[in-house]
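Okay, here's the structure, questions in a sec.
Letters A, B, C and D mark the chains as written, and numbering starts fresh at 1 in each.
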Amino acid sequence: MTKKTLKQNIYEIIFEADTPVGKVFDITLLIAIILSVIIVMLDSVHDLAAKYGGVFSIIEWVLTILFTIEYILRIYSVKKSSKYIFSFYGIIDLLSILPTYIGLFLVGGHYLMIIRILRLLRVFRVLKLARYVTAARSLGSALNNSRAKIIVFLEVVISVVIIIGSIMYLIEGPENGFTSIPVAIYWSIVTITTVGYGDIAPQTVLGQSLASVLMIIGYAIIAVPTGIISSEMIMGSQKKGKTAQVCQNCMFEDHDEDAKYCKKCGEKLS
Amino acid sequence: MTKKTLKQNIYEIIFEADTPVGKVFDITLLIAIILSVIIVMLDSVHDLAAKYGGVFSIIEWVLTILFTIEYILRIYSVKKSSKYIFSFYGIIDLLSILPTYIGLFLVGGHYLMIIRILRLLRVFRVLKLARYVTAARSLGSALNNSRAKIIVFLEVVISVVIIIGSIMYLIEGPENGFTSIPVAIYWSIVTITTVGYGDIAPQTVLGQSLASVLMIIGYAIIAVPTGIISSEMIMGSQKKGKTAQVCQNCMFEDHDEDAKYCKKCGEKLS
Amino acid sequence: MTKKTLKQNIYEIIFEADTPVGKVFDITLLIAIILSVIIVMLDSVHDLAAKYGGVFSIIEWVLTILFTIEYILRIYSVKKSSKYIFSFYGIIDLLSILPTYIGLFLVGGHYLMIIRILRLLRVFRVLKLARYVTAARSLGSALNNSRAKIIVFLEVVISVVIIIGSIMYLIEGPENGFTSIPVAIYWSIVTITTVGYGDIAPQTVLGQSLASVLMIIGYAIIAVPTGIISSEMIMGSQKKGKTAQVCQNCMFEDHDEDAKYCKKCGEKLS
Amino acid sequence: MTKKTLKQNIYEIIFEADTPVGKVFDITLLIAIILSVIIVMLDSVHDLAAKYGGVFSIIEWVLTILFTIEYILRIYSVKKSSKYIFSFYGIIDLLSILPTYIGLFLVGGHYLMIIRILRLLRVFRVLKLARYVTAARSLGSALNNSRAKIIVFLEVVISVVIIIGSIMYLIEGPENGFTSIPVAIYWSIVTITTVGYGDIAPQTVLGQSLASVLMIIGYAIIAVPTGIISSEMIMGSQKKGKTAQVCQNCMFEDHDEDAKYCKKCGEKLS
């Protein structure tokens, strides 16, 4: 094994998780990210901000400086800096540190806080363990395969929601809280998804009847996306376990992934 | 290729989506439909109507005239006008333009608005892309195949809702908001579908106990339509595993992939 | 065909649905049942009862007399009267007519009303069409096969609900609406089933955190009964389509129900 | 059959359910556990505690003494006492009796009550019937196999909830009930799980729009865990279709029903 350059070493530690040092780095980063997100959250609680605002500020600065060093090392160690900088995670990494610096010059950087929350997305990079990647990929492919069906389903749901919302606006009217069609559609969505806040609720007999229909539609229709995803996942798992190998003796094709011999004629598979 | 008549050209642009011009037409129509639906919605918001009522009115008129031209061209270009006019989309197309004209003569055409919302259904015609049609057909066939099971399920749900609603009316009574059996049934539906507005909620110990039973029924019973649809969809996707072979003797079509002989007449398959 | 006795004729009309007269009888009965249930419902609405109470009373009496005649004819036409009388539907039939007669002698027969609602269950007898019976049987067998799993699931849900409810009673206490452990358990059920009335809602930070955990449990755990039922139904449909026949020539076993010839060797199946 | 010692007899009665006496013991224990949990619950209802507090106290003491005897007998009859004492159920058994004794010396043992509720977990031990154990094991293995996918799913849900919650805090602000980011996240969870208490609900147009998106995400995303569990369960039941054959050459066990040769070593299966 040839000696590695410093650049290669840094790359392995930061971007990979196979070495012990890489693992320590990942776990440290994970803790730092979660800590920084918790700080943003707690800082929004009035009482805590009044009491511990100073502490929060110090922790935030320490973490930001650490993230900045990490960001610089990433740019340094990667082969093509520009490719990293403009990648999804490159931008997230930059957005994680920028708000704190901007906050120095800009008073009332209230809205910058939300950008700091985006640091959370960096957690997904740390979780690069093989089993989670496989799981995520199989979930993603199931969602991807059923895209057309889900779009058709959403179109139907949106149409039902808009049409029933508009009818409810006519039936109930502004005096019962349905002040406009957009509000009535908002109520429709609250109802069809079975969330049911109850801030707006039908008062007339006709309105309650139509609401009942909408609820039962929403209750029964949830079966459709569930059926779509279930069926895709089952298809996915059934495919996964099979190889495309063909037995050269009896031409039998349906071999399991772990098969070494044809289960029909006993011929060795290549 | 023979020269096409104007009629044929218009037909291809309006009814089909294969040509570039046809695609442009479809996208324009899609935008016009969505815009017109948004205008109806915004027009129902009191503040916006007061401020931009004039602008909304102009856009509405422009769109209506465009839709009218489109409607006339559809009647002109189609082979059998009467067949189009009385088809589902023909009626929707007519309903899309009528309300605006009627509004000229009729004051207080408040209820006509809702008919204008039905324009939304025209969106489904524009989405005639092969993949969405296939997806919609496979969803539709899954729902269709499970019709009998879904009807049985709905009967059981409706019976549970009526019987528990009536018992709740006796238990809770008008003083706790259960003013009549229909209202109590409305509450039952709100509860079994897990919507739970909270505008009516049981107050007595007995009522809360029965409500708990109803909630758990509703929570567990959702598994039934989901199971029905999932199972139909999986059956549907597994059928794709059939060959497209047709028996040359008896014309039977539904052969398994591994079939060598027709299972209906015993003829060898090619 | 031998001549049928009057008894046999009545039996065929009332208990079977194959003859045209039997179908007319069934539909009439269906309408009468639904009408009588609607009357009970409307009679509970104060305003309607005040206005149309007399009409409701007359319709109720006419329907009760019809149901009484039907009940007597059923007893007369059936082979073993006692067996019918003490069967499930025999008792429901009796309960359908008794309350109205008892109401004559008993003042304030408020609670008898609920028994009249049970007439609704008679609807299920009328729906004896083959396809619905098959659908109901396949749903029933799926539920029956998954009984043990569903019981385990419900035990876990009930334990979670009781334990988290008790903890919430300690955390939130009577001052936030959690007045006793039973009330807190009621709230737990409202939350885990995602009904969420909002009549009781956690106020403390700790309470809201525990509530969040309970919600996510409830949201994710619904997947379990759904998975159970889906898997049973798919197993059910996959079994259904197959016969137990074996090809006498090549001993192949996996034949579809509609197969007349072996798909492997073309031999006729018996 | 050799004569059993007293210790063996006690062991069989307490730990097993095959003998008639063992069954009687189990049912008695089940009733005692449920009774004691109900007593804890009722004791928390103010009115009942005031009236029947004395009776509750006596029943509690009788049950505690019975549980104590049972606990001692378990320690006595089991082979390795220490192993039982530190096992999961050993600790639960101890926690079931301790609080009542501690309550003697400690005034205001309000929090001990919750520990007494944990007795409920002992119910699971009594339910050691084969069919429930099998059902629980198959549910457990389905959940276990889909662990990676469920973790990925939960990560995505938690990220969505945190990010949308933070944005809502900015949009709605403290004046509409979103007093801090943690509260806004609590609202997000209430919404995405479709619980929808309605104690906090968006008031602004932008807030309601984002809430609508969150609801539809929550409504559609429930399909994912459902699909995961369904697919695992179906895979689980299909494995049952495997034979119990073991290859006599390499001892491999997981053969398909139609396998004639071992897929690992090519040995002919009997």
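Note that in this section contacts are C-beta pairs under 8 Å (C-beta built on N, C-alpha and C of every residue); 3 or more make two chains touch, one makes a residue touch a chain.
Since the model is a prediction, treat every value here as computed from it, not as a measurement.
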Over-half contact-pair match to C-D, picked out of the listed pairs B-D, A-D or A-C: A-D
Interface residue identity across copies chain A, chain B - same or different by half: different
Centre-to-centre distance between chain B and chain A (centres being mean Cα positions), rounded to whole Å: 29
Centroid spacing, where centroids are CA-atom means, of chain B and chain D in whole angstrom: 40
Numbers and ranges of chain C residues touching at least 2 other chains: 182, 185, 194-198, 218, 222, 226, 228, 230, 234
Residues of chain B touching chain A in the complex: 37, 40-42, 44-46, 110-111, 113-114, 117-118, 120-121, 123-124, 127, 131-132, 134-136, 138-139, 142-143, 150, 154, 157, 182-183, 186, 189-190, 192-199, 218, 222, 225-226, 228-230, 232-234, 236-237
Residues of chain A defined as touching chain B within the complex: 148-149, 151-153, 155, 159, 162-163, 166-167, 169-170, 174, 179-182, 185, 191, 194-198, 201, 205, 208-209, 211-212, 215-216, 218-220, 222-224, 226-228, 230-231, 234-235
Residues of chain C defined as touching chain A within the complex: 194-198, 226, 230
